[in-house]
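A, B and C are the chain letters, set down in written order, and residue numbers restart from 1 in every chain.
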Amino acid sequence: MIEVKNLTKKFGRRRVLENVSFTAEKGQITCLIGINGVGKTTTLKAIMGLTPYKSGTILIDNEPISKQVYEKITFIPDAAIMPPSMTIGEALVFMQDFYSNWNNERALELLKFFNLKEEFRIAELSKGNTAKVNLLMGLAIDVDYILMDEPFSGIDIFSREQIANVFTSHLIEDRGVIITTHEINDIEHLIDKVILLDNGSVLKEFYTEEMRSQEGKSVIDVMREVYRA
Amino acid sequence: MNHFFKLLNFEINRFIKIYASLLAIVIIIQTIGVAVVSNSFVNRANEMMMENRWTQEEFIKSNGKMSFSEFMNSFWFAGPIAIAATALIFYIFLIWYREWYGKNTFIYRLLMLPASRYSIYFAKALAIFLMVLGLVGVQILVLPLENELFKVIVPNALREVLAVKDLIYTNAITMVLIPSTFTQFLLHYSAGLMAVFTLFTAILMERSYRFKGIIFGVLYCAAVLALFSAPLFIAAMLDMGNMLYPMEFLMVEIVLGFIASVCSILIGHQLLTKKVSV
Amino acid sequence: MNKYWKISIIIALTIMTIGAFYTHSAYSSTQLPQFHIKEERGNSELIKNVAISAFYMVDSHGEGVSIEQNKTTYDSEKSFFEQFNRDYARTDSTIKQLQKKYRNFMRGKLNISSFYEDKQLLAFADIDNNTGNGSRSFIFNISVLNKKTGNSTSFKYEIPSPEKYNHIYVEDVQYFGKELKVLTRSYQQNIGGQDVSKYIFDIPNEKLLSKEEVFAGSKTLLEYSLIPNIDPIQPSKYAVFSISEPVYEPEETEAPEPPKPKEKELVVYDLEQNKKLDTIFPKEIQKINTDAIQPYVDGSTAYFAEEADQKVKLTAFNLETGKIDNEITLPIDLKGKYNEMRVVVKDGKFYLLVKNHDMQTANVKIMIADIKTESIVFEGRLAADKNMRQSLRSLELYDIQIK
């Protein structure tokens, strides 16, 4: 379980996150939704230890982030994160080199699935292919948790379909996923839990299944209620 | 440790093309330089002997013999070394900043590796250090060969015979790069490594606190410089210039250098772990 | 291992080249000439303790070199610690030995003229010249170490009316009874000339007893130069001064003429009795050009050397009796136009080093004479293993040291 407790972060005087608390379970897809943009990516970075924060606690299976925990959790940002001069093949070798839990078979499988070639150069990838490579590199590590930042933003419709298909495949299985997005449509049916953020604070946290069965509302319905209020 | 070597290897491979070009520049320009400087001397000698109807003896009497150090004191020798040194100093900065710039932010991957952040830090420092040593190694290797080329071009009678060692001892650049004793070599390069750590810390300060970080970084560099030169200043201010024996002075400097390096490494690691933002 | 080949090459290259550079003889051997002292006649045992320090200079290459009987050591061949000590403290061997024995007392004390040593004590007196930044002061730093007990006392004394002086330095330090006597030379502010003064300090009470002008050069406008002691730190009762009219360098000389021997007078000052002696130096000594070869004082004897007609004549003059004790003439008979000479008197022996050279020849001759018996006991020449003439010509002699 990923636990975020009272996470507060400032950029200068501006408050980006204020007392943000939520949990994300293994085997579930948790979605961080925010309209006004700020805070979602920062939360993911904070969980990964990629950005300092003022106060709060973040635990991954009851442990703070450390080099051991980096074998358990991976982050898939929305920009290319391998050196531009590398080819995809070289990037895969690099990953295999450093991660003991790298699953090369799965990497090759994904490569095929996404129609990517090993000799493609990172610098020359389209936005959609960059997202696919990031996804590939995140998913090919045998981790318990995956954090995805805006996997669908600025991507063509076919790539979106391909990425969305990943969520229903064996590739996700019983891993815990935290995903940020502002376009809920593509994946609404996949999400187990929703956290609505606004101006750096959690407005509402709920399970989609419960919401649908008990109150008969879809995620969009709840969002309308919360953000229009 | 394993991760450290992999990262070191990775850092070297990333710069290898430019590095190889730098080595090539050093070798090619210096070799051309030996040929140019030697040939122009020989031509001048021949011309003067023709014009004045001089014998070799008479020419030597008025112009002297040519020594290989003439080449070593020329731009042909110092220029490429300066280019390579500048490039490597520039790379001290680039080795960090390249992780952030452009739409490819490799720093994400680097910081998420299941490797200690010390490994990341030291891999970068050692990569620079190793490339500097490699450059020095190449210079040591080619210098005798260049000397041989000089011997081929300039006739025996017109040249001064000096051993490579003697040439190195009297040239300002080689005296710093390859001092005559190994102890001094260690001291020079430890000081160099200390400078690299100091700059790294300044860079990481900028990466952590951005604009304010530049000020911190500059102040930090000034502080290290002040610490390192403190024994000199304190002695001068208290008017006791020779209170420390040379060896004691050296020991104090070594201890201060060690303290400065350890501080830089600890602060650098702390920043990389807790403060740096991607 | 394949993907590590680049880094492997760099590491291997680095270790091999740098390793070879610091261990392999192809890199560490020098091609500079190796010198040795070739014995021509006499007792070669005597040359064992002699070291000649010089500077070897060919074109752009120049470095210090020390030459012993069968050993040549260039500065670059010395260990780091030797090089470092040489670079950072240009100290002579006497001070180095004192530093070994009295490490803490010797801290920060470097000026050889400021020391005095006898069986009981080691004394030091120097003057701090502070003339920068508008302030002006001249302060004596006096320290005396009791060699038996290891106790030391030190105190300062500030010279009054600092505005009168431009700078002041110590020429000699002696110790009689409980009194430390310091000879100083002070350069006056505004007016020319140098005064030689004597300060007497009461060591147990740490105070100045008296100050006396020995020679007032600022009034007489004469030059008073102290003839140095052979061993500047040993007890010495007499100070010998050479008094002469100052010679002003003519402006913009067309051709550098050899300086004419100055008209001068020699005076002996008894530091114990605080008075000038009426010793009269014979005419032949008075006319010796002391600028050409440095004269020395050793206890109650003064040594004067003079070169003329391919010979060097040494005269040992007794300051107390006013008589010449010994005279010895060394034939140098060398053909070159130019002579450069260095002399040292030590333990009753006279060491003479002559470099003689012109376009055709270059020779470095070394002779040792026994002063008491007035006989030459060693004669030899410097030889080089290659390019003898040029190697010798490229050698600039500094001095002779006798261990």
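Assume contacts are C-beta pairs under 8 Å (C-beta built on N, C-alpha and C of every residue); 3 or more make two chains touch, one makes a residue touch a chain.
Note that the structure is a prediction, hence the values are computed from the model and not measured.
Asker: Chain adjacency by touch: line, ring, star, complete or other shape?
Answerer: It is a line, because the chains touch in a row without closing up.
Asker: Closest chain to the protein's overall Cα mean, using per-chain Cα means, please.
Answerer: B
Asker: Please indicate which chain is farthest from chain A, where distance is taken between mean Cα coordinates of the chains.
Answerer: Between chain A and the rest, the longest centre separation is with C.
Asker: What is the distance in Å between the mean C-alpha positions of chain B and chain C?
Answerer: 40
Asker: Between chain A and chain C, what is the gap in Å from one C-alpha centre to the other?
Answerer: So the centre of chain A lies 82 Å away from the centre of chain C.
Asker: Using mean CA coordinates as chain centres, what's the gap between chain A and chain B in Å?
Answerer: That gives a centre separation of 45 Å.
Asker: Which chain B residues reach two or more other chains?
Answerer: Not one residue in chain B touches at least two other chains.
Asker: Mark out which residues of chain C touch at least two other chains, giving numbers and ranges.
Answerer: Within chain C, residues 3 contact more than one other chain.
Asker: Spell out, as numbers or ranges, the residues of chain A touching 2 or more other chains.
Answerer: none
Asker: Which residues, counting only chain C, touch chain B once they are in their complex?
Answerer: 3-4, 6-7, 10-11, 13-14, 16-18, 20-22, 26-32, 58-63, 75-77, 79-81, 83-85, 87-89, 99, 103, 107-110, 128, 130
Asker: Applying the document's contact rule, which stretches of chain A touch chain B when the two form their complex?
Answerer: Per the touch definition, chain A meets chain B at residues 45, 48-52, 67-68, 70-71, 74-75, 77, 79-85, 94, 97-100, 122-123.
Asker: Where on chain B is chain A touching in the complex?
Answerer: Interface residues on chain B, with respect to chain A: 3, 6, 10, 14, 102-106, 108-109, 111-117, 208, 273-278.
Asker: In the complex formed with chain C, which residues of chain B make contact?
Answerer: Touch residues, chain B against chain C: 8-9, 12-13, 16, 64-65, 67, 69-70, 73, 130-131, 133-134, 136-138, 140-141, 144, 160-167, 169-170, 178, 180-185, 239-247, 249-250.
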